[in-house]
Amino acid sequence: MSTLLEEPGVVVGAVEERRRTVWSILRERPATLVGLTVLSAFVLIAILAPVIAPSRVHERVGSTFDPPSPGHPLGLDDGGIDILSLLMHGARASLLVGFGSTAIAIFLGSVVGIVAGYFGGRTDMVAMRVTDYFLVIPDVPLMIVIAAIWGQSLWHIILIIGLLLWTWTARVIRAQVKSVRERVYVKRARALGAGHFHTILRHVLPQIEPLIVANIVLTIAVAIFNETALAYLGLSDPSVISWGKMIKNATDASAVSAGAWWAIVPPGVCVALVILSCTLIGQALEDALNPRLRVSFLAARGFRIRRPEQG
Amino acid sequence: MTSLLEVEDLVVRYLVPRGIVGTLARRPKRRVHAVEGVSFSLERGEMLALVGESGCGKTTTAHAILRLVDAEAGSIRLDGEQISRLSHGALRPLRRRMQIIYQDPYESLDPRFRVWRTVEEPLLIHGLGGSKEDRRLRVVTALERVGLTPPDLFLDRYPHELSGGQRQRVAIAAGLVLEPELLVADEPVSMLDVSVRAGVLVLLDRLRDGGLGVLMITHDLSTAAHFADRIAVMYLGRIVEEGPSREVVTNPQHPYTKALMSVVPKPDPRERSRAQILRGETPNPIDVPPGCRFHPRCPVAQDICSMEDPALRAAKQARSPEHVAACLFT
Amino acid sequence: MSDPVLSVADLNVWFDLPHGGTLHAVRGVSFSLAPGERFGLVGESGCGKTTSILALMGLLPPNATVSGTILLEGKDLLVGGESSIRPRRWVDVSMIFQGAMNALNPVKTVGSQIVEPMELHEIAQGADARTRAGELLELVGIPAARADRYPHEFSGGMRQRAAIAMALACEPKVLLADEPTTALDVMVQAQILDLLVSLTTELGLTLALVTHDLPVVAEVCERGAVMYAGEIVEMGTVDALYHSPRHPYTRLLFRAVPDLLGETEVVSIPGVPPRLDRSLEGCPFRPRCDRAFEPCGSVWPELRDVTGGHLAACHLNDPSYAEASS
């Protein structure tokens, strides 16, 4: 008897499960595409800043707090420098710190999370203790101390923010890895004789990949916010212009009492936009990854009655 | 000729975690006596069914044999070779020779792997099958062996595109591709539809013809009776009866087996035999009764049963010399 | 039958699918239950048996559409929708859900979970309700003193008994049990089935047992119906279903089940059930049937009486096709 008749490879049941890749999740929600577009626009501007900015960072083109004009649509700051150009150049620093510290945080967090979640037991306990210690370190005092001892530089900022943000990623990844570890196909791979490396690489990592991506995006948002805050407090590299630095310069020069809103609002708006787009993307991914509560049968009073057709 | 698998006095115990309060209060450590001295052997080409209710230790026994959990005592010999004390590194080459099929066909395949990748994976793990074509040939052969023909129809499918029975066959193919000598099937059909089970069981049955030894774990006595050559009935970590399957089912010797057989529902409504429904449920493996483990629920227990722990020995009223039971009165 | 306690006529359930289209899960199901009867509804996954009894309780999700008549003691349950079902739910007809023993509220005592429906439906209050809850626990074989314990302190079998006690809290006439013993050991299963049988004889309860396990129905029920692809394809006494099946699916299904003592070969049924999100032509079982013949592909077989109370939906029983089927 031909086995084709026995069990033809047809889809059983009415609806096929759809494979969820990061791209398919993003495509389903238009809001995230907006976020993706905005973020890409900023990245592009940051990369091309030296080429497309109207003037250079230290080029004085007018007097203090000149209001917006056709030649300088966002006006000038306290040093008479074109704010639009400052925004573009500032994007480089802000995004660099955002992406750089995120890279450190995600790498550290993923490694710790995977190791803790996969091996469990004592390894897990030790890893979580270390994570807890890092969690309670207050970032701003640490920054002040580091700035005082090692001086202020962009790389220090990247390092600090990265070292403080990895803990959140570690916890989230650990939880997911713990649950994936219990899946039967992972246990089966181990029973087959697969080594830890093979199991993690081929079975665990692909399952947590969308979660890592979601985490990356959300961490970028937090990192940029942190950078802005630290720059505002004067703890960042004084020679580098970033959005936070712009706000600091403006408030130091009493932009508010001078009525020069254009010196403060645009950098703030840029930070907000970038954080917003990252959050949109990241939350959409996280939402899609949560096992959605299926509509339970006990959701009474919902079903409809169809009357038999007349005639 | 050595047996394919020889298990002797296997003991597996788990520690119950005490928690902080327990540790501080120095409460005595409690142990789950999952497997307490189990011995049996399995020959090539034979199917042995380990049957019993939950908590009897059948799954733990199977996992201990595969070294997925560590035994506290006892010996496990695969083709004469002692494997119970080997380090996990030394075990890797041995994993080729023993494979396991899990109960849940919906969970045992990685949803991101196509069928060919799932079946190919064991070859990659053990570094077998030289070239890509060589491996593909082995994969195709394995798929044909499990009845998924024509193989080309299935190679590129994802698990969610297959039915439960097909997924289980893929899992079996992935187990067979290494050409093992021992196959452990843990409730291989309990999550499949009734109309599909027979196909998978017949497949496992036919695999024996090639010399493969199959250890089937099941709670379904009818399945065990029909497909297995021998049945071993477990209760609270011990084998209480063992023998040729037809013998054990039609002429049970141990009171527990007799009760079990009497309560198995039969499809013929005219065959409603008198059910001997035992009271209560299987006790917790943490608190094992003294003497014969079964005596608190045994319908024919006497005083001596709470003091003496019977060993497995030939049953007087059995029709076969290999039919043994652990009861003082058989 | 004289005055059935529950009568279902032409029950249909459609589900709206998330990406468009509808799934016709229950297709014109009709059956009746006599008072005190034990009735088995048998079928494999996806056949519509669980959906059918959920429809009887009015517990379908918002994407469901129902049609048909459900008469409980002569009064139509469905006609007013939720408003007509709600006062009778649990009071006249109640249910043990699939996996009920794992769905007990872990933070409430077992006794309080039995008291809850009593107070909701104003059957009893306070101390009176607690006494009755204790009596119900005794009825299902649990000492009344354990009413103050939490579900995790009970074993699986005892939790299932507690779920049965909860279902009986408002003294319903009809009890629907969805796979009540599927996850239980064979000995505990025997205990629970024994309990259900004694409840029907002692309380005059009518039982509809939904399961995929044919031997369980053979042991416990007097009559049964076999469902396939949303329809009832055969219905009759369990004796007739086993000894003289009139539908190939019933016959093949019994042949796929190993018998503990029997020696007959066990054979699986090739193929898979049809997709229910499309309209079906002819008999839904035809692709897997071993005796399909000419009309099966185009004419849908109606469920009709074959001999005194034994119904089957198969052209092989139709005398007008007698020539072609031989």
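Order of writing sets the labels: A, B and C. Residues in every chain begin at 1.
Here is the rule we go by: a residue touches a chain if its C-beta (ideal position, glycine included) is under 8 Å from a C-beta of that chain, and two chains touch if they have at least 3 such contacts.
From a predicted model like this one, the values you see are computed outputs, not experimental measurements.
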Least step count from chain A to chain C, where 1 means the two chains touch: 1
When A-B and B-C are ranked by contacting C-beta pairs, first comes B-C
Let me have the rounded angstrom distance from the C-alpha centre of chain A over to the C-alpha centre of chain C, please. 51
Can you work out the whole-Å distance between the CA centroids of chain A and chain B? 48
Please report how many Å separate the Cα centroid of chain B from that of chain C, as a whole number. 32
Send over the residues of chain B in touch with two or more other chains. 163, 165, 196, 199
Hey, what residues on chain A touch two or more of the other chains? 6-7, 11-12
Multi-chain contacts in chain C: which residues touch at least two other chains? 270, 272
Residues of chain A touching chain B in the complex: 2-4, 6-7, 9, 11-12, 16-17, 19, 183-185, 187-195, 198, 202-203, 206-207
Given the complex with chain B, which residues does chain C contribute to the contact? 44-45, 155-158, 185-191, 193-194, 212-216, 218-220, 238-239, 242-243, 252-254, 256-262, 266-270, 272
In their shared complex, chain A is touched by residues of chain B numbered 66, 68, 91-92, 95-96, 99-100, 102, 104, 107-112, 121-122, 125-126, 147-150, 153-154, 157-158, 160-166, 171, 174, 196, 199
In their shared complex, chain C is touched by residues of chain B numbered 53-54, 163, 165, 193-202, 219-223, 225-227, 249-250, 259-261, 263-272, 275, 277-278, 281-282
Provide the residue numbers of chain C that touch chain A in the complex, in ascending order. 10, 12, 14, 17-19, 21, 23, 46, 54, 58-67, 78-79, 81-82, 86, 270-273, 275-277
